[in-house]
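Structures incoming, each one as structure tokens.
Note that chain A is present in both complexes that follow, paired respectively with chain B and with chain C.
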Partner chain A sequence: MTSARKPWLLIAPSLALALFIIGYPVFHMAYQSLHEISRFGVVRGFAGLGNFTGIFIDPVFHATLLRTLIWTVAVVGGSLLISMPLALILNQDFHGRSLARTIIMLPWAVSLTMTAIVWRWAFNDEFGMVNLSLQALGVIDKPVQWLASAALAFPAEILVGIMVSMPFTVTLLLGGLSSVPQDIYEAARMEGATAWQQFRLLTVPSLRPFINMAVVLNVIYVFNSFPIIWVMTQGGPSNSTHILVTYLYELGFRLGRPGQAAAISLIMLAILLAFTWLYIRMQPKEEAA
Partner chain B sequence: MNPKLKRSLWAWLALSPFVVIILFPFAVMLFTALKPAEEVFSFPTRWLPVQWRWQNFIDMWHGANFGPALKNSVIVSMASTALTLAASVPAAYAMARFPFRGRSHYRQFLLVTQMLSPILLVLGLFKMAANISWDGANLVDSHFGVIVAYAAFNIAFAVWMLSSYFATIPRDLEEAAWLEGCGQGRAALRVFLPLATPAIAVSFIFTFINAWNEFAVVYTLIRSPENKTLTVQIVDMVAGQYTVEWQLVMAATLCATIPVAVLFAWLQRFLVGGLALGSVK
Partner chain C sequence: METVRVTVAHYSNGTAPYFRQMAEQFERANPGIRIKVEDVNWDSLLQKLQIDVAGGVNADISIIGTRWLPEMLQDDLVEPLDGYMDPAFRARFIGAFLTPGQAQGKTYGLPIAASVRGLFYNKQMLAKAGFPDGPTTWSDVLQAARRIKQNGGYGFGLQGKEIETDVYWYYALWTHGGELLDAQGKPAFASPAAIKSAKLYQSLIGEGLTQPGVTSYSREDVQNLFKQGRLGMMISAPFVVKQLQKEVPGMQWGIVPIPTAGRAATFATTDSLILFKNSRVKRSAWKFIDFLFTKAPRVAFTSAEGFMPTTQEEAADPAFADPLTRSFVDMLPTARFTPTVQAWEDIAKSVSNAMQAVYLNRATPEQALGAAAAEAEQALKKN
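== the complex of A and B ==
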């Protein structure tokens, strides 16, 4: 066996498995999106771009596309904004640090589905503990209908989204902070740099690759995030909380429009590919390995 | 006051709002799970049960069909994790040891597979399962289809973590074994693999938790109640029901959550190093 072939033999099983499980569905969805398909999956004929034009004149799709953008930016941005100070605190040496780290990481361990179920109950307008606690604290004076109103359900879901994305982001940033050499801080202090200057001029630049990675992976996860919205509101009330993944699921498995659902999948795929391509382009060139 | 004590006070003070928000759902689960039904739906709502009802956990066990669902979750997660690692360990070894042509392409391919979440492909996966004949029928409603799909979606994460750990294992020991006349394959098995066992164990557990917590694939592919995993089984208790028995649902979520949370709490320190190195290097 030549040594040029050996690594390929080693990666072949993983490559084959991933290519098969991803390749076939992508191919099939491309086929579906170009055909007219009954709700029972029977192909009625070639539809050309009919499914795509159907989607583009669907007002729910437009609102959903915009909402997906808001969802992704708000959750990714929000989790980065609170993860940065959290990582800086957890990187300090203080009593009970490992306990604090464990608590902050905890939402990661609970499945999104379970989190969504618990919050759906906690946000219950009559008997939920969110209203109970906020009333006890005097923040609100009468129960709020969290998930039954279009104006509140989506922001509530964004907050849950931020909470579950935060542990992963903190972990990446903590890994980054532990790789920053400490002697540069000593040198900076000797030069009389303030804490803010040290943060802005030393910490942020050394963390940049980790911040980039956190943004890219979070955008991918959050853009594709299904359970929180599906379990908490199923896209309702009156389609006001749908994002693309929940809408495509509803089209494909509830409303019997699989062709249009496949079209949305492909549109999402294109958005993600464009995003990843942009990211790879922005990366500094890797060594020619 | 000594500086560390002062720092600790400040740190905990700053963390306290987050700690409250993070522990809030656990408190909701625990206290709802321990209330009798009439207290769950009564005014004024209270945090703590007046009458602590441990019987809920037993009722939930039957009501949620918890035992069989637990067994399904264990089977699906174990098998898919084993399959993931069987494919990922050799690949991660290649990534860590050979500077081969196409390595960065393979890395990009992994990033793309990470990007294509199961939910995005769920229509195609469903069609695929329906088209493959298996055991007299097809792969819809079979655990096998779910297992293979999970394995494929977990490969990127596993290769990522494993290769970053593998790169920290010194090469010299293997090279010494070659000089002793040991073939490269044997050296990998005899010298490298024992050193890599802790990393493989950690990846095993994280992949296992990923599979355990997955929702979209199993929600779509598994149809009959006796084949459902825990996650879907519990969602069924709240979806499409006229009256949701929240005290039983919370007892079930608590039982499904605590073991995994404990396992994770114990392991999370391994993530900080492995994930960060793997993602940036």
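== the complex of A and C ==
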């Protein structure tokens, strides 16, 4: 046996196991998406691409796809925009920093479903904390129906999404900031660089790998994130707050079309793979620039 | 020793203890048979059945929503019960309640729980509005609601999200003389009566006679408003009677039939007890089913959960002689079921979406219902 083969042999069992664990669900999903499956999981026959064409002519799917993109971009972008200054502040040495850090992390420790339930109450028109506070502050004079229409419900859900993605993003960026050597800032200050220049020319480039990681991981999480929208509006009213993952749940479990649900999850997988591939391709170019 | 596994829906906190008690009684009378009861939250029951059936680990007996039956039949999951039932058993039931569980001349599901809907009204608010005995027609509802609004309350509670959003519109549809499916079996959601009834709800919202933000109110939310004494009228099921008696004992309220506009009608629904085809202990399972549909177990279940009696003997029991239960029983002759067609879940969803669009003013009743009818027609054609 050559020494080049040895490592392969050593990792072969775990590789096979990993392939099976990852491969089996994907295979099963592909199988389901090509068959007509009853609500109770009984295979009724081969459907060809019927499930896919069924989805592509479904206007709800198109609206949902677009909404998923808005959701992902808004939540990932929003949480990054808020997390960056937060991370910078928390990286400063100040009294009570560890307490502030803990507070920022806390939402992460609470389950997403529970957070969503609390926000659903908070946005309640009658006794919700949001309306009561806004009324007390005199911003509004009568309760706002936050979750009754998509025009308000979807932005509210995006805000909740940003809030729950923040802890993770802040943690990542903080980790990045602590690895930036402090002496380059000293040198920059001696050269007379302003705070903004220091941020733009030193902090952002050194943080780039961490920002990239935050974007890729957050896109995957947020794109697939189910609880917030499901708990707050179940994709309603009138299908106007669905994102792909809530719509596929509704198709699979409420409307009894597991085949179409499987087709959507394959499409989602493809979108995420394409995004990841694109991102990996962009990396070296950015670093070279 | 044979074990019979039973999946029951969690109707209330009393459901599981009831079935366990029945299992014990039954086991004492039938040594050699063991009954294992599992109760599942109503919201996750369908999902649990889906997963259990797909995995081949389903129970022997289960409670199901009767509207799921057509799909289960297409997958050949349910045992026809005719071979087990003798004429005496069949005669136990109130005839109308057996129909929804039947298909192609065979009986697959037995009505374990049934309800019809009536209009609940707050006596104090309605008396002040000039309708001390509740409304009888939809124009009464409009008039009463206008006065209740002047007095600072919400007139008519309209449900706009989650389960039974579609049903809330059927009340208006049927009482205006409309139908869900026409004589050819095609969806008739866009008929003149259908448009008229959607416009009625639209004008209720437009005039501010409902609670604000209809599409954020589920059935429970509307019931809660009523319990808080802020809502004049709402349509709901007999089991709310128990809740009202328990939670707001001091409140004065009454029940009348669904308001009419030419025709009297109400919605009726049943949950069925079925025997799975793949059960290996069918004889024992049937024995238990037979026991559950004898008088004492039925009376105990129906009166504790606040449902309607489905067998003759229990209907005659003094437990159901009170005027509240009688007022629901009296509605039975006008009761309608939703059609048992396979795609009903899809169709109901289209109707719910259409009504939400109307409530939000995102579409006219003509547009929304026309679209729902087209969707429903597609769904019906597929099967």
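Assorted remarks:
Here is the rule we use: the second predicted complex is superposed on the first by the 260 of 289 C-alpha atoms of A that agree within 3 Å, B and C clash if a C-alpha of one lies under 4 Å from a C-alpha of the other, contacts with A are read in each partner's own complex, and residues count from 1 in each chain.
Here, contacts are C-beta pairs under 8 Å (C-beta built on N, C-alpha and C of every residue); 3 or more make two chains touch, one makes a residue touch a chain.
Here the structure is a predicted model, which means the values were calculated and not measured.
Of the two partner chains placed around the shared chain by superposition, neither chain B nor chain C is touched by A:G138. In the superposed model, A:S111 lies in contact with chain B only, and not with chain C.
Of the two partner chains, chain B and chain C are each touched by A:G41. Applying the stated contact rule after C-alpha superposition, one finds that A:G192 touches neither chain B nor chain C.
Once the two complexes are laid over each other on the shared chain, residue contacts for A:V231 go to chain B alone; chain C is not touched. Look at A:W8: by the touch rule set out above, it reaches chain B but stays clear of chain C. Once the two complexes are overlaid on the shared chain, A:L147 sits against chain C while remaining clear of chain B.
In the superposition on chain A, A:F253 makes contact with both chain B and chain C.
Counting residues of chain A touched by each partner, chain B versus chain C, the larger count belongs to B. Residues 41, 253 of chain A lie in contact with chain B in one complex and with chain C in the other.
For chain A in complex with chain B, the touching residues are 3-4, 6-8, 10-11, 13-15, 17-18, 20-22, 24-29, 32, 41, 82, 85-86, 89, 92-98, 100-115, 117-122, 124, 126-129, 131-133, 163, 171-172, 174-176, 178-179, 209-210, 213, 217, 220-221, 224, 226-227, 231, 245, 248-249, 252-253, 258, 261-262, 265, 268-269, 272-273, 276, 280, 286, 289.
Residue ranges on chain A touching chain C, taken from their complex, read 38-42, 125, 143, 145-149, 234, 236-239, 253-256. Residues 46-47, 49-51, 53-55, 68, 71-72, 74-75, 77, 160-162, 212-216, 345-346, 349, 353-354, 356-357, 359-360, 362 of chain C are the ones that touch chain A when the two sit in their complex. Interface residues of chain B, counted against chain A in their complex, comprise 4-5, 7-8, 11-12, 14-15, 18-19, 21-25, 27-29, 31-32, 40-43, 45-47, 83, 86-88, 90-91, 93-95, 97-104, 106, 108-109, 111-117, 119-125, 127-128, 130, 148-149, 151-153, 155-156, 159, 209, 212-216, 220, 231, 234-235, 238-239, 246, 249-250, 253, 256-257, 260-261, 263-265, 268-269, 271-273, 275-277, 279-280.
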